[in-house]
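The two complexes that follow have subunit A in common; it is paired with subunit B in the first and with subunit C in the second.
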Partner chain A sequence: MSLMSQTRSVIVMNVRSIPQRLWMSLATVVSIALVVAVLLGFLSLANGFSQTLKGSGAPDVAIVLRDGAEAELNSTLSRDQVDLLGRGPGVRSGADGLPLVSAELMLVVDGIKKSSGTKANMPLRGVGPNGLLVRKQARIREGRMFAPGSNEIVVGAGLLREFEGFELGRSVRFGAQTWRVVGVFEAPGTVFESELWADAPVVQSLFKRGTSYQTARVVLAGPAALPAFVDYAKNEPRLQLKAQSEQAYFAGQAERSGLLIRYFGWPLGIMMAIGALAGALNTMYASVSNRAAEIATLRVIGFSGFSAFMGTMVEALVLSAVGALLGVAICAVGFNGLSASTLGAGFTQVAFRVQIGPEIIGQAVTLALIIGLVGGIFPGWRAARQKPLLALAT
Partner chain B sequence: MSALIQLNNVTKHYRRGKEVIAIFEGLTLAIEKGDFVAIMGPSGSGKTTLLNLLGGTDRCDGGEIIFDGERIDGYSEGQLAAWRARSIGFIFQFYNLMPVLTAAQNVELPLMLTKLPARKRRENVETALKIVELSDRAKHKPKELSGGQQQRVAIARAIVSDPKMLLCDEPTGDLDRNTANDILGTLQLLNREMGKTIIMVTHDPEAARFANRTLHLDKGAFAEVTA
Partner chain C sequence: MRDFDLVRKNLFRKPLRTILLTVSIFMAFLIFGLLTSLNVALDRASETGAASNRLIVSNKINFTQPLPIAYVNRIAATKGVTGVTHSSWFGAFYQDQRNSRFVGFAVDPETYLNLYANDVRLTDAERKAFVTERTGVIVGKALADQYGWKVGQTIPISSNIYVQANGRRSWDMKISGIFTGAKPADSTTALYFHYDYLNETATFGRDQIGNVAVRTASSDLNNSVAKAIDNVFANSPYETSTVDEKTFGQAFLKQAGDLNLIVTMVVAAAFAAILMIVSTTLVSAMRERIREIGVMKTLGFSSPRVLRLVLGEALLLSTMGAVLGLVVSALVLSVLSKSPAASTFGDLSMSPLVALSGLLLAITLGLVTGAIPAASALRMSIVDALNRR
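And now, the complex of A and B:
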């Protein structure tokens, strides 16, 4: 006997008979598609956010914070410490012969989100003349860099996309001060695109920050120079600071923030999956019930219970696979590449693009196939146990 | 002639809740090779149960069932399925064709249980459809065929793997008189020309006339035998 050929025959019959149960099958496909679309939506949000943060860091740029500080907002550095960092081992010099160090400070200011019309936090970063040089991806796209000592700002392309009133030439007010937008910069795929930049000394002065900074970005000769520099920042008695590669810093933040989104997305996806599973079970039990006479006939002829089981299983898997493809298509067409923003580690909005990737598609499709598998096993078992009685066949 | 299938002192009970219902108590029957037997009887007399026992789709509680010299009542489910596939052709009242398959694909189903290559399967299907004079309907789906044509396809399916015995459960119960006679004529032809042993359960005395003999089953026992 050929178990393969009889199983194949039953599978073909089951799959071909799906149109006879069109509406129930369609309901199952749609419910599974929704599960996949929602889960994939959340995962692609997390993915896009993580990719943006990870893309923000360079392996040969060290970011220096106060020892114990996890983020820029709760760090502080003095001017003397910044000067000492420039004299550390492996620090590259710019064209002017001075160390490529950018001492920066970051404040939170209000803006109005275009999508909701509500207030949200934006990061205003005070940077020095090396602000652009320490970020290889960054360049002025329109207008020009702010003039040192002036109330001028340049705005990131992501922030411009998400917030109202930052078009080139516009004036904006933060507190008692009016600032003029003189340039738009882009730094594709990085968190910096969600920032406003102004001259650091002006920011220090107008926001009463004295001469302190929060972070320093130091360009090193290469990634290999990092351990010696980290050691220097930590052990030099006048420093005692925490240095790490910018890449590691953002990767850590990406993990924490991405996890938050995933921790929300997965439970929601699984709850919806349980609902879809109930639908799938209902459809497959109905399928077995509708085909009771057919199954009994095949069993009377001599077909095995295994072939009846496999026919039901494959039908369930086909429905879930179609649902998964539909869900991926909905997400790819509806969400992928959309601009979004959320609260980053600095309590400010980070703009990013929703990004579908093969790994998260794999995760969502796996969930759909698990729905199909579980939704097929029990009805399949019922089909396999159907007795080959003539009365059932007729 | 020697017996193709024998029931010796067979007992069969069904349980309904705490109640045990006896269908057969020591039933004995022998069907000769090449015989065409009609089984008649009122509803509840045990006709379908008898057909299930003869076809290996149900088990007896006692006694023995011997097919072609071999006891089959001790077979496992898998052995019984394999035995049915090679030895028995079933014909049902409502044809029981698979609606999504063509006539040829329906006829091919029992051959999917064999190791025959696709080419040989195709040849056998063509032969079976030729016997029932439906070669020109091979690619039609059941819903595109009349009741009589569907039953002919079912007959082709029953004979395609060349079984020794055909079991027919009210094969003309869903057909008009003329079509029923055509179908019964075909069964008679299979019995006379191809030597198929046929056991047919029917309510219809007209249908029973096509058989070589008729057994009347009543309350689990053969009350009368007519030639």
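And now, the complex of A and C:
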């Protein structure tokens, strides 16, 4: 028999004998599945959060902040500056012929988070009539947009999911003021869904902000128009502001966020993997010693040590692959798509969905296969080196 | 003693198997020790210095919204209040906005040091210097160590919020003192400076403050004082929300996410895995020894004694792995808590409660994993056992 067919038949024998060690093999599969589920759980949390941030920015929209302000909350712009920005190079005009600029201000208000039942920060954004136009993904899902000059708010679908008491038609109080929810907007996969929107002048007056804004979003003719606009915002003496593409703004936030989750996920995944590896080694050593007589017989009738090694190796890999599949399935069914929220760079809650992706599945499955590989090598080595006659004698 | 020797010898009959099982158990308890301690530390950090008779008054809309400074005196006049001070978040950083941010508050020095005397510890001379020096600042020991700051030095502290009337975004501050916390493990990565200095130089936010801290005569009065304060300002342009310090800290911590749930799930997964690994391995180890058990019973070992031997083996295994795991996690935690990055978590060391619950968990694990093999050994008849091959 050729080495190939020898090896193939030993592998088949090994795999078919797994039911003889059903419980130990099952323990290995389940422990590897749990490693994969835990690691993938953390990674898909981080992934969901960073995908939401990355999905929020458009390449042809510039976001303008005060120079030195890292977050909207710390920025301030005057009405005059906003008007000047609209006259910048490459700014696109709307249907009414006016520049597509949305001057906005954001402040933090309290809401009760459903998951914890405690107060958490929500962003209340004062937007102008162009608020929807500068965000392509956003549209009103239920109800209608707020009427200018009124105490009406529209609520993002993500915020609605995570916070209590913002259903359509409800009245909400912030401090001494009462607002009415007249609409629900959605902007799938973006941070905007985690916001409350109201008419900017009303927000300015009720929160005593005078005529000041914090950011301006400016729609440009295309991504190519960005450098000229950035220069204009920086060098025009009355502006001296920092403009950047919305995409770059959110990509920067995505880079710095989710790191903590990853820093936790990997060490925990690896620690659990070492524990599961020890279990896998035990199972595979048991497999080799169970089949000692069988391996010895095969060697006596001329099977190579290599085929014995490969039989054990493939058995370990099969167990870890089944474990990996089970782990991915647990994560896909149990976690994927769950709604979660955490404190984002803007010091307010960002609602997002736990999101499995091919890249992170690949990482988790790789870890499982490493467990299988290492868990197969040493017992396989023992199988290959087993003295034929000695094994039969016992 | 003889029984213990028997248990020990049985356990190490196949040393590799026992070592591998110990590694699995060790890892689960390492994870348990680290995560549970972190959870406890975060819980404690949110209460660091939280005195039971201190309340925090903030704007009802959200704690980032301002309050008028005139509120301080009105709050002080509330019945049951024995001390009042205020603080305003400065968004402080030193040189580099991204990498050298820290906690910085503009405060009223005299009343602040009065209310927080226990948490912000200074020498009498430092205290006096801070109160009298208008541009004075006190910095935490950890912060001073990090940047090599010394008392008497003048440092430029920038704000990511405020701007000076002259266009500058940094304020020159003279270090009046370096403070330590109530306990050595308390986080000291903050700085405090004069509110008046900020109020006179900043371009906006004039006469507005962040939060007001209130000391009540007794924690029994907390609820009534909180209600009284909020009633005073109800229906004003700046309504207030008053809660005790601990509630305030925990609500803030919970904004990050449900850490408790995550810790519970990970620890549960780790233990489910070792429960399966250890119990199936012990069952198969016991199967190899069925004839021996038959021999032992023939020699007159009573069934309960055999049961004790088998259970004892499982218990010895699990406590061995658990003690190793708990000791190593305690060591890792003590090394981690010395690193500056971890200081934000507060006291990271393992609490006796965590260690104790770890040991209880180990005993439970030993009993559960030993149960099946012990039961089969107990029920085994001599004839069956000796017949088995």
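In this section, the second predicted complex is superposed on the first by the 388 of 394 C-alpha atoms of A that agree within 3 Å, B and C clash if a C-alpha of one lies under 4 Å from a C-alpha of the other, contacts with A are read in each partner's own complex, and residues count from 1 in each chain.
Please note the rule applied: contacts are C-beta pairs under 8 Å (C-beta built on N, C-alpha and C of every residue); 3 or more make two chains touch, one makes a residue touch a chain.
Everything numeric here is computed off the predicted structure, so don't read it as measured data.
J.: For A:Met13, select first, second, both or neither according to whether it touches subunit B, subunit C, the two together, or no partner.
T.: first
J.: Classify the contacts of A:Ile274 with the two partner chains as first (subunit B alone), second (subunit C alone), both, or neither.
T.: After superposing on A, A:Ile274 lies in contact with subunit C but is clear of subunit B.
J.: Quick check for you: in the superposed arrangement, does A:Asn151 touch first (subunit B), second (subunit C), both or neither?
T.: Touch status of A:Asn151: no partner.
J.: Per the contact definition in the header, classify A:Asn121: touching subunit B only (first), subunit C only (second), both, or neither.
T.: After superposition on chain A, A:Asn121 lies in contact with subunit C alone.
J.: Answer with first, second, both or neither: which of subunit B and subunit C does A:Gln363 touch in the superposed model?
T.: Touch status of A:Gln363: no partner.
J.: Which chain, subunit B or subunit C, ends up touching more residues of subunit A in the combined arrangement?
T.: C
J.: Taking the superposition as given, does A:Asn336 touch the first partner, subunit B, the second, subunit C, both, or neither?
T.: Once the two structures are laid over each other on A, A:Asn336 reaches no partner at all.
J.: Looking at A:Ser205, would you say it contacts subunit B, subunit C, both, or neither? Reply first, second, both or neither.
T.: Neither partner.
J.: Looking at the overlay, what does A:Ile301 touch: subunit B (first), subunit C (second), both, or neither?
T.: Only subunit B; A:Ile301 stays clear of subunit C.
J.: Which subunit A residues come up in both lists, the one for subunit B and the one for subunit C?
T.: none
J.: Sort out for me which residues of subunit A touch subunit C in the complex.
T.: Residues 21, 23-24, 26-28, 30-31, 34-35, 37-38, 41, 68-71, 73-74, 76, 107-110, 113, 115-116, 118-121, 174-176, 207-208, 268, 271-272, 274-276, 278-279, 281-283, 285-286, 340-343, 347, 349 of subunit A touch subunit C in their complex.
J.: Applying the document's contact rule, which stretches of subunit A touch subunit B when the two form their complex?
T.: 1-2, 5-6, 8-9, 13, 16-17, 20, 293-294, 297-305, 387-391, 393-394
J.: In the complex of these two chains, what residues of subunit C are touching subunit A?
T.: For this pair, the touching residues of subunit C are 16-17, 20-21, 23-28, 30-31, 35, 59-62, 64-65, 91, 97-98, 160-161, 169, 204, 235-239, 241, 250-251, 254-258, 265-266, 269-270, 272-274, 276-277, 279-281, 283-284.
J.: What residues of subunit B sit close enough to touch subunit A in their complex?
T.: Residues 48, 51-52, 55, 57-58, 77-78, 81-82, 84-86, 90, 92-94, 96, 98-101, 109-110, 112-115, 157, 169 of subunit B touch subunit A in their complex.
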